[in-house]
Structure formats: C-alpha cells, structure tokens
C-alpha cells in the first residue's frame, strides 16, 4: 500500500476514511495475508494528522475526525494481516503511529529522515493509546523521555532505541520489506494471529472501553483557545518554511 | 537437579509429575535454599512439552496434562528457592519456559544450541502465562516479535536479547552456576524471597485466577482436528529427521 | 536544590519534612519551572532513609516516618516541574529513589560512586512503589535481578542498565545539568506536564489508593524483632567502618 497524498501524506479526514476502507477490504480478502506500507512521495513517509482538521473547525468536525483516527489505529494495531512499515522518509506524530502499529519496521538509513511522536513540540499531547503503542515498542523509560521532549529521532537513533527494527539503504528497501514479509508469512496464519492478538489485546481493549470518553477529551482539549492559538502559530511557521 | 530423560528430556506427564514432587520436597526442605537445573543428556536442555501427550488422546488426558504443566510453572516461577538454569543444550518451547522461570540463566556458548518459545512454528499458541513470563524477561517488543515468528535464538542472540544472562564455555558451566548460586545465597533469604514474590505476584496470580478457564481453552484448542493434524505432521517430520 | 546534611545526607524525618516543604514552595511558585537536585556533601548524593528513624522507636514514630517518605515520593514523582538529578556521589536506597523520580539522571563517572536499591542487603524489602518506579526506569528483568541482589551499581554499569541517562566528569556536571534543564524547559509546560502525568499516573495512583495499608505493612514489618536485629547489626557495622 503506497501512500500518495502530496505534498506530505498528511492524514486528513478524507485520507483516513479512504485508508480505513482500503484496509477493511484487504482484511476481508482471504487471499491477502500481509501488507507493506510505504510512501510514493519523496522524503516523507507521512507527516501525521492533518492540522487543518484540528484548527478552526466545529466541535462536531473534531469529534468526527477523532473517531476516524481511532478507527484507523484500531484497524492497524488489531490487524490479522502481517503488517510491515517500509519507512522511506520522515515520519512524525501520526506517521510514526502508523509505523508503530506494524509487526516490523524497516527504515531507510538517511540522516535527514526523522521519526517520533513529537506532539509535545506542538503544545499538544499524544493520546493514551499512542502512548501505549509506543511503550509496547520501546519500553516505558524511552517512551517517557521521548514523549515529554517531543523528540524526532534520526534513523540511526530510532534503530538504537528499538523504534525501528532495521535500517537499509534506500535501494534495498522494497527487496528487504518483501523478504521480511515472506519470513512472517511462512508461519501458520492461525497461530501467528492468535499470538499477535494475545500481545496487543490489553491495549486495544483499553481504547474500545473508553472510546467516546477519549473523543470528548480530544474535542475539549483541541477546541481550547490556547491550543488553537498554538496550532495556528505552528501552521504559520510551516507556511513560512515553505516559502 | 539434572534432567535425565533420554533422548531429549521431553516433558511428559510422568516427567512433570515426578519433577513437581521433587520440587515440592526441595521447597519444604529448610536446608535446601537453591537449586540449579541442568541436563544429563548431551546437546539438549529440554525439548519442551511432550507432543505425544497432546496428540490422539482423550479430552480428560489433555486436561490432566495441562494441569500438570500449570502446576510445574506455578512451582518454578513462584519458588522461594534461588533457581539457576545451567542451559547446556537446546531449549525450545517448554524447555525455554523452565529456563525463563529461573532467577538467572547461564547458557553454553555453542552455536548449535538454540532457545526460544517456538510454539507458533508448530501451529500452536503459547498460553498467556508463558507470554507473561517471557515479557517479564525480555520486554514486550522482543516477546511480540519472537513469539509471532516462533523464533529459536542462537545462544549469542539469546544473550543479546536478554533471554539468557550469561554465556560460558561448556567446561565452565557448573563452576559458573555454583558461583552465581553462592552470590544469590549471600542475601538474607527473607528479604530476597519477599522481593522475588513482589516482582512475580501479579503474573502468578493471573494464572491462579484463571486456571480452570485456561485448562478449558487448552483442551478446546488442542483437540481441534486442524491442530491435531498439524501436530501429527510435526511428529512425522521429527521421525523422518531421526532416520 | 543542594542537599547539605552531613555526613551523608541521610533522609531523616526532619530532612524529609523540610524537603517536602521546600518542594511545595517551588511547585506553587509559578516562576519556578524546574529543579536540579545535587549534593553539597563530597562523595555522597544521599545515603537514603535514615536507619535511626527505623530502629528502636515507637510504632507511631515508624508510621509518621513512613507517611513522610510516601509524601516525598508522591511530590517528586508527581512533580509538574522538570526535575534533573545531578548525582555527584554514591546514592544507595532512598538516595537512588530520589534520582529515579527525576525526569533525567546525570551521574559523575567516578568508579567509586555507586547507585542502586540495595534494601535486600540490609534484610529489608523495597516497597512496591520503589519497585514500580524502578521498573518504569530499567524494565522488569533488570529490576527483578537488581532488587533481589540488592545491587549497588558502579556509575558505568548504572549507565549501561539505563539507571542513569548520562555520565560526565565531575567538573562538567553542573554545566551539563543546566543544559539538560534548558532542553526540557524549551517545551511548552502544559503539554510536557500532561505527558508526564500520563506516563506516571498509574504508578502514583497505586500508592494513593493503598497508602494507609502500605503504612501498616511497613510498621508491622519494621517492628519485627528479627528486622530490628538486622538493622542494629547493620548500624554497628557502619560505626565500625567509620572508626
């Protein structure tokens, strides 16, 4: 599955909705046992949640957007398919989350590519299920420090911290991702799926049990004037950067 | 305690029953404060649960066998004694579990010896308490990947992942195990035991609270025709290998 | 904040009470966003809880002392400020706990300085919230082994285990601590504080929910004749060492 939503594969409501529909089709297709996520846009895997969806919109819109983000995570983290992230560009915030939900993460060893849950840098807070997914991958201490600092880690640092499993040169990425997929698909589906579910169930169940509460928290938080102001400033900064 | 049940120290119902009686005696013997587990069979620590106990038998037999496996784990993981695994051979599945329950794991640095919870390779799933013991030792991420792939790790890889604490040449194994035991026995029993219990209680309590449910899950799963077929094929493969 | 209670910055009831008052003032001072903890006493950060408070006193005194220790931990681990430990000397038991509650730990790379939760060496047991703080920092396996052995780790070993984040030469310590503080203060307070709280809330809530029970456990345990005897022997040993 190739993300192709230039300029930066940001996760807009439309993008996420289409993504979830695509995932559901694959999940229900008995002939599809695994999926590799990568980007068709140079230098960026995904820039994460689209800030324009969280800025200057109605409470209803924020709620709808957040339910879509939850849905995407639930489908990805709970997928029965083998999921491999072939990270061929930077991957902040929600982009990092997509990689974190996969069974295996391969990243191009380009010193310019960064990855991390940098929400704190924007003045916002990653929800508990982003955090849980992160802790399951890198452990409590690394997550605590990285989340508080909103760190974006270079590929080599991400590898050292266990945030990605393997680094490869860009030309080897697709070949490597296919080899990893073949290795995981060699296992009997049934045993692999039950094992995956056993490992992730507690964290998945936690969001399912608190889903509406989490939507309300998000809507209340994001609609605060101070947060809106931070996001507007951040978007201004991004625009200036581009010029 | 030397495992001597050739050819591969497989954990049959008889073996486990005797093992538990032996453990209970040591546990109740005030003069015995620690135990070292090792193998008297060359090249194998223990091959894990005896597949013949799980194949072509009655539901009652499966239930009896599983209760014995639970009992063994509860005694080992909850032992008040200092327990050291001197792993002098390969140690898949249940053999790895015995090592994981110990306070310290030393393995012979022989590139032919492997260790891991490889249940998924056989088309079966490690129960949640195998998983909990594994996560407590190597962390969530390593466990998730290793369990899904049913990985058997070489001694050096097992050391790198934290699955074993130390590697030694075969000739040094008993000497090293004795030295580790002496180090642990130097602590006041009471404080060490309370600390051990504090670290392991949550995981032990979880099985105790769900013991009969876990037996039923196992019996239902293992008696499925598809699983029985997988196990028969696996046994055929093992027989062919031997010839 | 410089600990200055010679000879070894031991955490007496008076020291802890004053420390908590100081912390509360800083916490309520809107101009104070961070605090660096270090020692004004050469070669020692803090020797931990004052054993004289736990030996030969009344049950009421033990209870009062323990409530103060709980209070100190709740304030430190739950602080909204950025907290940095500049560990410029040995830091056993309660001294290590103070470091563990911080957002970042820098230690002087002096082979004579040791750090760890060595309670088991004294025949006593670290309470569950010391353990939880430790597990959150170094993971379950390292904590299990280190707590059972009552290990005091050299600075370099502590760094390897993740018990401290960074080692520096003594002359660079204050400069480094200030640089780390500046890095953490660069984040928006609100987002950083909410993130910190999200990471630590489960562990903080656990003590709050069991606070009186934990006091009773401590009082019952510490007032046992066998424990009192261990502590008296330990104090005798310390006195002899000094002569």
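To keep things simple, chains are lettered A, B and C as they appear, and every chain counts its residues starting from 1.
FYI, contacts are C-beta pairs under 8 Å (C-beta built on N, C-alpha and C of every residue); 3 or more make two chains touch, one makes a residue touch a chain.
Note that the structure is a prediction, hence the values are computed from the model and not measured.
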(request) Examine where the copies chain A and chain B touch and state whether the two sides share over half of their residue numbers (same) or under half (different). (result) different
(request) Determine how many degrees of rotation, between 0 and 180 and to the nearest 5, align the Cα atoms of chain A with the equivalent atoms in chain C. (result) 120
(message) Using mean CA coordinates as chain centres, what's the gap between chain A and chain B in Å?
(response) 36
(message) Where in chain C do residues touch at least two different other chains?
(response) 139
(request) Going by the contact rule at the top, pick out the chain B residues touching chain C in the complex. (result) 103-104, 135-139, 162, 165, 183-184, 187-188, 190-192, 194-196, 198-200
(request) Note which residues of chain A are touching chain C in the complex, please. (result) 119-126, 128, 131, 139-141, 143-145, 147-150, 226, 230
